[in-house]
C-alpha cells in the first residue's frame, strides 16, 4: 500500500491556468434534475424531501478508461453530469488513465483550479504561467508503465477546452488563413492539422 | 487496475455539512511564505519570479498513515500548510487510511465541501443533513480489509472540527454541567467522556 | 434604556465555527415563492412588480420564545422562510430566549457567521476554534434572570446543526457501536444518550 | 418582555439599496491590527496564537446614543473598527437611537445589505427600489416615544454614504451650478443647503 | 485616430461608491429568456443548443443618445436587458452622451464598480468617498464640445439610483417634512424640488 | 459621431472562454503600492489618506497602439498595473488596435469575462464554446480600414494566455515530441512553429 501516492502536484496540466471557484450554495443541497424544462444558472433542483443517498454516488470510477486512442489517455469525469447531487457544491473529480507514453493534451478548465495526485507510474506534469509570461513549470513523477491519477477541481462543472480541438477542430472551422497568421506558419501546415479531424 | 475505484461518493463524512468555497484569486498564484512577519487573510506571498515547481509539490502521500490509534484511522492533509503554492487557489486534498473497523470520527469542515473516492476496501460513509433536519444518508462501499480514500476539499485551508474533541476535549474544558444539559445526560457520563483526554 | 445592551460579542455560540456568506444577488430583490413547483438554488422569485412592503416584514419577534423545554432556551429564526423578501440578500436574524440557567446547545451554522448582542441579563457565550485546535474562548455577559439576545447571520438560510441531535438523534440512527468508538465511550453510554430522543 | 420586538423589517433605511457581501475568509479568524504599517484589502492580522476572547467583544452598546442633533438620531456602529475580530467575517451590527420625530437621513451602504429590528417605539422605515424605478416601500412600526433599533449588515465594514452630506457637504464642495442642474433647482437653493455645513 | 482616448479614469461618476461584482457562473453561458414564466436570481436560460451569435450582440451603440433634456446627457445601457447573453457573465457597458455643459446627475450603481473612458471632448468626472468621509476627488478631462464616453460595469445588471429621483421623485413621494429634516432645509425648498417631477 | 459604435459584442476573442470575477473589496479602495516589500493576494495598499485623484487615472489611451508586427494588432491594457487605484475593484479596460487584416491571436483570460465594443471599421469576432463542445460563434462587424475597439474585463488583473505563445513559445520549451502528439502532427511541423520564436 505504501506505493500508491508517490507525489501530489497542483497541475493545470500542461498549458493554461484558469482560476475560479463556484459561488456558495444557498441550502444544504440542490440535487439537479437532468432534463428539467426550466434551465437556470447551474441546474434546477429536485425536491429535497425526495433526495436519496444514490444522488451523491457514482460507481463507475473503478473502471480503467480506454486509452486506445491517438493521444493514449482517457479522462473519466465525475462532475455534476455524473453525480446530480454535486449541483451548487463547487467541487468535482476526474480519473485520468494514461497508456505508456500517453498524453493528456494541453487544455484549460475555464471555471476551476485543478489539483492532481498520481496513483501509479510516471507522469510528467506541467503548466505554463501567464505572469511571469509563458514560463513552463514541470515535474517528472515516478517511474512505471501505465499511469492512473485523480484530479480534483474546484467547480461542479469545470469545463474543459482542449487547445488543439478548439483552435483546429471547431464547427464551423476557423478559416485557415486566420490560423496561419495567428500561429505564424504556412497555411498548408494549418490544413494538415485541420485534416486530422 | 480495474478494481481501484469501486465507487465515488460525496461525503461530508459522518455528520456535519459545511458548504463554502474560497474567493477567487487575483493573480495566477500567490505562493505562501510560511513564517511571514506580516499576517493577512490567507498568507502573504513569495515573489512570483522566485517561484519553483517544487512550491506546487508534496511527496509524502504515498506513505500509509499510521492507524494504530483509538479510532483506527489517520488523515494526511495536503492543504496550504503542506503545499505553499495552494495559497489562494481554493482546493486541497487529503489521504485517509483506515485500519479494519477503523473510523474517521464525526466532524465538519468549516470552509469546504468534501468529495471522497475510495481506492481500496470497504467504507461506510454518511452525512447528516440540516434540512431536512438530521436525516442520515449512508452507503456501504465495497468489502475488504483496510481502506484508503482520497478526499478533495474546496478550500486551501478547509479546517476540521472533530465533534468529540471540540465538545469534550477543548482547552479549557467546557464545564461538565453545561455539557450534561446540552447532551441531556448525567454529569458523570460527561466526566467519563472528558476523562479520556 | 441605558441598560439594554450590556455587551456585544461575536459568538459562534458554543462550539463550531462555520464561515461563509451568500453570493451577491443579481437584482434588487428576488422575493421567494414559498411553494414554487420549480426549485432552484435559493428560491424562485415573485414578479418584482407585485412585490409589497409586507414581503420584507416579520411581525412575531416581540413574542418571547417558550423556554419550557429540556435545555431552557428557544431560538426564533427570522430567515428566508419567515421573510420571503430575504431571498438572495444574504442576511438573517434570530431571537434567542433563555430561561434561568437555560442553554443553547452546541451547534454550528453551515452557511453563516454569527454576531450576537445581549438585550437582557447574563449569558455565557463561547466558541471553540479549529486552529489553534480546540481552543475554547468564553465570556460571561451581565447578570440577571432571563436572557434575550439578537443574533445576526450572514446568510438568508444559515442552517443549524445541533451536535447532540445530529450525532445521537438522526433518522435513521447512527449505529451505537460506531458512536461508541467515535466518542471513545462504552456503547451503553451511547444508548443512554440515544434513548432520550 | 413580550413587547420588545413588535416587528422586524428588512430596511435599506430610506433610500438606496446596495447589495453585496464580503468574500469568504481563508481561516477561522484574522483579528485586525489597528495601526499596522502594512495595509491590505481589509486588515492585516494579529498572530492567531495571541488572540483573546476580548478581541471579539464590544461593551458600549448598552449606552443610548446622543440624539441631541439636527436630525434627532444617532447610529452607534459595531463593525471591524470597534471589534477587531470581525475582520474577514463579513458581518456587523449597529445600534440606532431616535429622539421623538428623529430621522436617520437617506443613505446607502455601499458594501452591505441591512436588516433591522425595532426594540422600542414607532419607526417609519422605507426604501426606494432601483427596479421598478424609484418605487418607495414603507411601513410604520409600533407607537411610542423614542425608538431603539438594531441593524445587522452583511459586511465587516459596510460603509455609509449619507446623501445630503455626500452631495452638499463634500470637501471640496461640488460647484453649486453643477448641483443646481443635477437637482433642477435655482443655485440659491443649493447655496442654502450647502450653507448649513 | 490619435485623439480618441485622451484619458481613462475610474469614475463612480459624481457621488456614491458601490462596490460589488456578480458571482461566478456555473456554465459557459446562460442566455436569458426575456419573459420566462419562471423568475429566478438573474434570469432563466435558453437551451444552450439553441444559442446563436446574435444572443451576444447589440447593434445600437453607434447611435448618439438624445441629450435634449434638462440635464443635457443620455445614458445608453448595454446590460442583460439589451444583450440576453450577458446573463451570469458579470459585466456590462454603457454609452454616455453629453451636450455642451451636460451633466450625468449624481448617482450610484448598487451592484457594480464603474470604469470610464472618454472618447471625445471634455468631461469633469468625480466621486465622493465614504472613508475618508465625503472627500471629493475630481479631474477635468480634455477640452471640446460634446462628449462621448464608454463606461464598463462589473455586473450584468448594475442598476442605477439617481439621487435626485430617488429622494425627490419616488412614487409615492417621501413626505416633504421628512426630506426637509433630512436635508436640513425649509419644507418649501423640498416642495420646489418635488414640483419639478 | 453617429458612426462610432456600429455594434457591441461579447467576445471572448477567438477561442477560449474563461469565466470569473474578482471577489468584493472590503473598503472603498485599496490603491496598490507598486513595489511593496510585502506581497499579498492582489496588492498591498497605500494609506487611504494619501490617495489622490491621479491614482485612478491613466492618460495614454488616446495613443494608437503600434500594429507593425507579425499579427498586425496591438493591445494596450489598462489594468491594475496601469491604474494603481483599480486594486480590489474587479474591473479593467484595454484598447485594441488592428492594422488592415490584423489579428488578435487566439487567447484566453484566466480571470475575467470580456465584453467588446468596436469604435471604427470592420472586425471579425468570435469565440469557441466548451459546451456545446468546440462550437465556433462569429460575427463580422462593419467595414473599414483599421479598427479600434475597447474591451472591458471583469477583473483588475485579467491575465492573458496567447495560445501560440503558451504552447509553442514557453521557456523552457515543451518537448517537440510531446507537442507533436498533442496536436497530432509530425515533429517537424512543431519545430517549424517553435522556430519562429
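Here the chain labels run A, B, C, D, E and F in written order, and each chain numbers its own residues starting at 1.
Convention: contacts are C-beta pairs under 8 Å (C-beta built on N, C-alpha and C of every residue); 3 or more make two chains touch, one makes a residue touch a chain.
All values derive from a computational prediction rather than experimental measurement.
Novice: Along touching chains only, what is the step distance from chain A to chain C?
Specialist: Counted as steps through touching chains, the separation is 1.
Novice: Give me the set of chains touching chain B intersected with the set touching chain E.
Specialist: The shared contacts of chain B and chain E, listed by label, come to A, C, D, F.
Novice: Both chain A and chain D are touched by which chains?
Specialist: Intersection of chain A and chain D contact lists gives B, C, E, F.
Novice: If I superpose the C-alpha trace of chain D onto chain F, what rotation angle comes out, expressed in steps of 5 degrees from 0 to 180?
Specialist: C-alpha superposition angle, chain D on chain F: 120 degrees.
Novice: Specify the chain most distant from chain F by Cα centroid.
Specialist: Taking each chain's C-alpha mean as its centre, the farthest from chain F is C.
Novice: Note whether the interface between chain B and chain C is symmetric in residue numbering, meaning over half of all numbers used appear on both sides, and answer same or different.
Specialist: same
Novice: Please compute the C-alpha centroid of chain E, do the same for chain F, then give the distance between them in whole Å.
Specialist: Here chain E and chain F have centroids separated by 24 Å.
Novice: If you look at chain A, which of its residues touch at least two other chains?
Specialist: Within chain A, residues 17, 19-25, 27-28, 38, 40-42, 48, 88, 110-111, 126, 130-131, 159 contact more than one other chain.
Novice: Run through the chains and report each pair that touches.
Specialist: Applying the touch criterion to every chain pair yields A-B, A-C, A-E, A-F, B-C, B-D, B-F, C-D, C-E, D-E, D-F, E-F.
Novice: Show me the residue ranges of chain D that touch chain B in the complex, using the header's touch definition.
Specialist: By the definition above, chain D touches chain B via 23-28, 30, 36, 38, 40-42, 44-48, 87-88.
Novice: Name, in rising order, each residue of chain E that touches chain C in their complex.
Specialist: Residues 20-23, 38-42, 88, 110-111, 155-157, 159 of chain E touch chain C in their complex.
Novice: What does chain D use to touch chain C in their complex?
Specialist: Going through chain D, the ones touching chain C are 1-11, 17, 19-25, 27-29, 48-49, 51-54, 56-59, 61-64, 78, 83, 85-86, 89-93, 95, 113-115, 117, 119-120, 126, 129-132, 137-139, 146, 148, 150, 152-154.
Novice: Help me check something: in the complex, which residues belonging to chain E touch chain D?
Specialist: So the residues of chain E in touch with chain D come to 14-20, 70-72, 101, 103, 105-106, 108, 110-111, 124, 126, 128, 130-131, 133-136, 159-161, 163-174, 178, 181-185, 189, 192-193, 196.
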